[in-house]
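All chains are identified by letter, namely A, B, C and D, in their written order; residue positions are counted from 1 within each chain.
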Amino acid sequence: MMIIATARQVRDGESVIVGMGPPLLSAALAKYHHAPNMWYCTESGPLDWVPTSRDLPAPIGIADHSLVEGSAMSGDMADALGAFVNGGWAQSAILQAAQIDRFGNLNTILAGTFEDPIRRLPGTGGNADIGASAQRVISTMPLESRRFKERADFRTTAGYIDGPGGRAEAGLAVQGPNVCATTMCVFSFDTPDGGLTGSCEMVLEQLFPGVSLEEVQAIVPWDLKVSPDLSYMDPPTEEELTLVRHLDNGNHLRPGRY
Amino acid sequence: MMIIATARQVRDGESVIVGMGPPLLSAALAKYHHAPNMWYCTESGPLDWVPTSRDLPAPIGIADHSLVEGSAMSGDMADALGAFVNGGWAQSAILQAAQIDRFGNLNTILAGTFEDPIRRLPGTGGNADIGASAQRVISTMPLESRRFKERADFRTTAGYIDGPGGRAEAGLAVQGPNVCATTMCVFSFDTPDGGLTGSCEMVLEQLFPGVSLEEVQAIVPWDLKVSPDLSYMDPPTEEELTLVRHLDNGNHLRPGRY
Amino acid sequence: MAEPIDSWPSGRSKLMTAREAVQRFVSDGDTIYSGFNILSLSLTNEIIRQGKKHLKAVAGSVTPNVTMMSIAGSVDRIETGYLSGTLNSKPFQEMMRDGRVKWNDYTNMTITLRLMAGGMGMPFICANSFLGTDYLKPEIMNHSRSLAEDRRREDGSISPPYAVIESPFDGKKALLYPALKPDVAIVHCQRADEEGNIQIWGPQADTKWGLWASRNVLVTAEEIVPRSVISTEPHFTVVPGFKVSAVIHEPWGAHPSGLNGHYRADRSWMELTGYGMTDWDSARQYLDEWVYGTEDHAAYITRYRERFGDDLLEALRVKDKMVPEQPAQYGWR
Amino acid sequence: MAEPIDSWPSGRSKLMTAREAVQRFVSDGDTIYSGFNILSLSLTNEIIRQGKKHLKAVAGSVTPNVTMMSIAGSVDRIETGYLSGTLNSKPFQEMMRDGRVKWNDYTNMTITLRLMAGGMGMPFICANSFLGTDYLKPEIMNHSRSLAEDRRREDGSISPPYAVIESPFDGKKALLYPALKPDVAIVHCQRADEEGNIQIWGPQADTKWGLWASRNVLVTAEEIVPRSVISTEPHFTVVPGFKVSAVIHEPWGAHPSGLNGHYRADRSWMELTGYGMTDWDSARQYLDEWVYGTEDHAAYITRYRERFGDDLLEALRVKDKMVPEQPAQYGWR
C-alpha cells in the first residue's frame, strides 16, 4: 500500500531522482503503470532508465547494473547529484528516511543523540543533497511512532526546518517536502509557496481504506493538522498489486510492512 | 631551430601539457625523436597521444581530431586543465606567448594598454591556467624586441611576478618558468627553488651556432644575466631537420621564422 | 522572454527547424554558450538572420562564429578565454577598441569551472589561474570596455569578475570565480534522438558543462537516431533529453569546422573567406551571400555545392574508421 | 612514507601483485579512497593481511569492505555519506559508539565534490546540502567521536568540516566544503593496460574523482589488455596511466560485489557471511578463514570454489551482452 501510494504521487513526464530502497520500487511501479514518460534517474549516474522488457524486476540498488541497460545516459554523481539535482533539474524526488518531523525534516543518521546514539544508521547518502535541491520532495516511510517525531532526533535533510521562512533563512531554495506517503495514510504540507508562508506543517490528506483519523493521530506525537478535504485513498487495483509483486521480486515487500 | 631547441627541452617519460601553436610541433618532434615515452596531452581533453603511424603529421590544433586516435583517454577540460594541470600532475608545459618579461611573466592578450590597446590578441586560452600550475614551464617565442620586455605590457600568465617570493606571496605554488627557447638562444631562470630565492631573472644559457651574446643583448631591453657556463647549442641534426619538416607538413614553419 | 525548458513534457519529440528553435528559445540580451567544440553554423546563421541583438557570447574558447555574430550586430558582449579569429579581422579589432564589443577575459579552465558551478547550482568556484597577474588589478577588472554594467548589484555597487578571499579552512588566499549560467547553448553533435539525448565524441573541451549550465539547449545533429542507438552506448550522452529544448537535423551542420567521425575542417574555405571577416566590405559581402542570402543551412550547403562543386565538400568526408578492438560489454544478466 | 607516484617513469609496466602494491604504496595513517563502485576485495584483504593501521576511509558511500577493515583494526576513521553494512554489524556499531572508529558525515554529492576539488587543486568547493540541518551546529561538527583532531591547525585551532561564508559576489550565504586528497585509492575495474590506463563502465558514482584526487592509485583489473584496446575506446578511460601506481591482474576481483559486463553480485554469499561482520565471533572466524587464511585473492577464489563448488561462482557470470546498435566512429582522415 505504501509503495502504491507513493507511486501514485509520481506524475507522467516529470524528471525524478529516485532514492535507495523502497523508492526504487515505487518509481518503477509508476513507470510501468501510469507514468511511462517519467525520467527515472538515480544518483550513481544512470539517467532516464527505460526497462528494456516488461519482465524485468525493479532495480534493487541505486547502482544496480540493470539501471544502465536502457538508460539514455550513463554518467556519474557529478552529473546525477551535482548537475541534475543540485542544478535544479529534478522535478520530483522520492526519498525514504528513518524519521520525519512536523516540518518535514528527515533523519537518516541515528536514533538517540550524537553523543549517546542508540543506533548508528547507514547515513544520508544523497538524501540531504536531494532534499536541499529537488523541486518537489516525496518522502515515504511506515507510519510508526519511532519514525514520526515533533522534532527529528537529528535533522540530516532540510524540510521546512522550523517553519515558514526557514529554508530562505538557511540559504536554501524556496521549495521543500510536498508529500509523505506512509503505511496508513498520505500527508501533504501546509504551505502555498514552498515554505515562505503557511504553517509548513504536515497535513493529513488521505487515509488508506479502513484506517481512522484517530489511529493516525495516536501514532503522530503532535497535534496533527487535518486537510478540510480529507479523503480515503482508492484501494489498490488488481493491476497495481500484480505489478508491484512482480516488480518487487521478493526484495522489499515484507508481510505487514509497506 | 626554435622548434628544435624547444623539443630538446622535453624529457622522455614526463607528462607534458602542450599549448597551442608551435608547441604542438615541438612536442611531436620530441615524441618522435628522443622522448617516445613522454605523455602528450592537450587542454581540450585528449591525454597521452601516441601517433598510430610515424607518417602522421603533428596535430595543428589543441582539439585536432588526430589527437584522439591513439590517445589513452578522451576527456574534457575538467580532466585536462582541471585535474591534470591544476591538480599538479603536469610535469612540464610548453607555452607560446606574445610577450615575456624579465621575470618570465607572459602576455597573451594585447599590445599596448587595456585602455588604449594597439592590438587585441586572441587571449590566454589555457595559458594562464597552465603557467599557474604546471611543475615546469617551457616557453617558446621568437627573440624580437616587441616580445621581450622589462615588464610585459600586460601580465596574463604568472611567472615569478616581480621576483623572489612573488609566487608564494600571490598564493601560487612555488614553481614557475624554467626555460624560454627562442629563435636565437635558450634562456633559463635564476632560482634554485622555484622562485623563493635567487634573482628569478631570465638567464642566457645557450646561444644558437653563429649567434653572439651582443646580438641577443641588443634585443633584450634589460641588462641580461649570462650563465657562467654559457654554451653554444649543438646544431640541429639531419634527423631532427627531416623530422620537423615532415611533422610540420607546412603548417607552422615560415622562412626566416622559428 | 524565451520559453522555459520545463514547458516540455518528456517523451515528446523536440524536433524542429533552426528557425523555430531560435524564434522560441533565443531572446535579445540572452547569454549564449557557443564553445569551440563543436560550433553549430546553422544556429549561428539563424541567429544573425533573425537579427537577435545584445547577446553575450560565453565559452572557454569561442570560434569565428562569435566574431561573425559580433560583426553582424547580434553579439555585443563576450566572456571567454580565447577569441579564435580576432587577429585577422579588422572590423572585430575595431569594435573591441571602440567599445561596440565589451568583454572580460577568463581562461579555458576558469570558464569550464564557471559553467560547472552554474550547472551544479554553486554560486562560485575556485581556481588559481589569475593569481599574480594584472587581471587582479581593480582598474582592469572594470576597464572601460569591460562588462561591469552586467555585474551591477541592486544596491548599485559592482560585483567583481573574480575575487580573492581567505580560506575559512587553512587561511590561505583563494581566488573565486562566479558561476556562469547561460540562457541558451547552441552546439552541433554527431547524433541525437528526438527527445534530445545528445551524443558527442572526440575532444570534449567545455561542452558538457556548457550544456548542463544553460537553461535552454539547442542542438543541431548530424544524424537523428532511434533511442536504441543512444541507449546501447549511453556513455556518449553528454546531457539527457530533459535538458534539451530543441533538436534540429542538420547534415554538414558543423561546416566549415570538422566533426570527428564524419568530416574534416574545411581549411581552404576558412582561408578563402575567413568567414569573410577580414574587412567590412568582405564581411558585408559574406553575410549577404552566405547568411542573409540563404534561408537555412541546407540552402547554405546547396550554395556551397553550386559554387565549388560537390567534390570539394565530399572530399572532406572521413574515410578511415577507428574500430574498437574489443568492444566493452554492458551485460548484467 | 609510501613511494610517491612520480617515481614511476612512464612507459614502464606497473604490473605487480596486490602484496607488492600494498607494501609499496599504503602506509599506516593514510587516507584511503574506496568507493562503492567498484570495490576491490583483493586490495582490501591485503591491507588487512599486512596489518596496516590507523587508515582513514573516504568515499561518497563506502561498502562493507570498510566495515571489514575497521573490525580488523586497519581503519579507525571514516568520512563518508553512507555506510553500507552498518546496521547488521554489532562489532561495528560498538566501535562507532565507543570511539574506536571516529567519523564525520558528508553526503554522496559533497564527497564527490570534495574529491573533485582535491583532484583539481582547489582548496574548497560549494554545496548547499547541509544548510538548514543539525550538521551546522558547532557541537555536532566536532562531536566527541568526530575527526576534529585531524583538522587541528598549526596554531592549535580546529578547522571546521564545512563552513558558511558570504559570497563576495552576491552577498548570499554559501556553504563550503574542504578539498579531499586521499593518499591512496583502491578500486577494481573491468580492464586496464600495463601502464595503468583504467577503463570502467556502468554506474560511475564518484570513482573518477576519487582516482584523480588520490596521490597513489592502486587498481585491480578483471582483464589486462593491450594498449590498442584502450586507445580504440578512449572514452572509457577514467584516469590515464601516469596517474596510476600499481596494476594488479585479478579475475573475480570485485567478488562478492558485481562487475558490469562480467558477473553479478553474489547476494547469497553476502547474506551467508555478511562478510562475517554480524558479531565478533563470526567476524574473527571470517577473517581467519577468508582473509588471513588465504594468501591472496586467487587463493580466496580457490577456497570459494572448493567450499561451494565452481557452479555457484560460474552461475554469477553475465550471459547477456548489450551490443551497440550503431558503434560510434572516431575516424578523422
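Following the convention adopted for this analysis, a residue touches a chain if its C-beta (ideal position, glycine included) is under 8 Å from a C-beta of that chain, and two chains touch if they have at least 3 such contacts.
These figures come from a predicted structure and were not determined experimentally.
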item	value
Which of B-C and A-C has more C-beta contact pairs	B-C
Geometric centre distance via CA averages, chain D-chain B, whole Å	38
Length of the line joining the C-alpha centres of chain B and chain C, rounded to whole Å	28
Numbers and ranges of chain C residues touching at least 2 other chains	113, 120-122, 127-128, 172, 174, 201-202, 235, 258, 260, 264, 322, 330-333
Touching two or more other chains - residues of chain B	46, 65, 68-69, 74-75, 78, 82, 86, 133
Pairwise touch network: line, ring, star, complete, or other	other
Chain B partner contacts - residues on chain C that touch it in the complex	36-37, 60-61, 80-87, 93, 96-97, 105, 107-110, 112-113, 116, 127-135, 140, 143-144, 164, 172-175, 201-209, 258, 260, 264, 322
List of chain A residues in touch with chain D within their complex	42-46, 62-63, 65, 67-69, 74-78, 81-82, 85-86, 105, 109, 114-115, 117, 119-129, 132-133, 154-158, 161, 166-167, 170-172
Chain B-touching residues of chain D, taken from the complex the two chains share	6, 9-11, 119-122, 193, 195, 197, 212-213, 227, 230-231, 234-235, 237, 239-243, 330-333
Chain D-touching residues of chain C, taken from the complex the two chains share	113, 117, 120-128, 153, 159-160, 163, 165, 167-172, 174, 176, 178, 190, 199, 201-202, 225-226, 228-229, 232-233, 235-236, 258, 260-261, 264, 318-333
Chain B residues within the chain D interface of the complex	12-15, 36-39, 41, 46-48, 50, 65-66, 68-75, 78-79, 82-84, 86-89, 91, 133
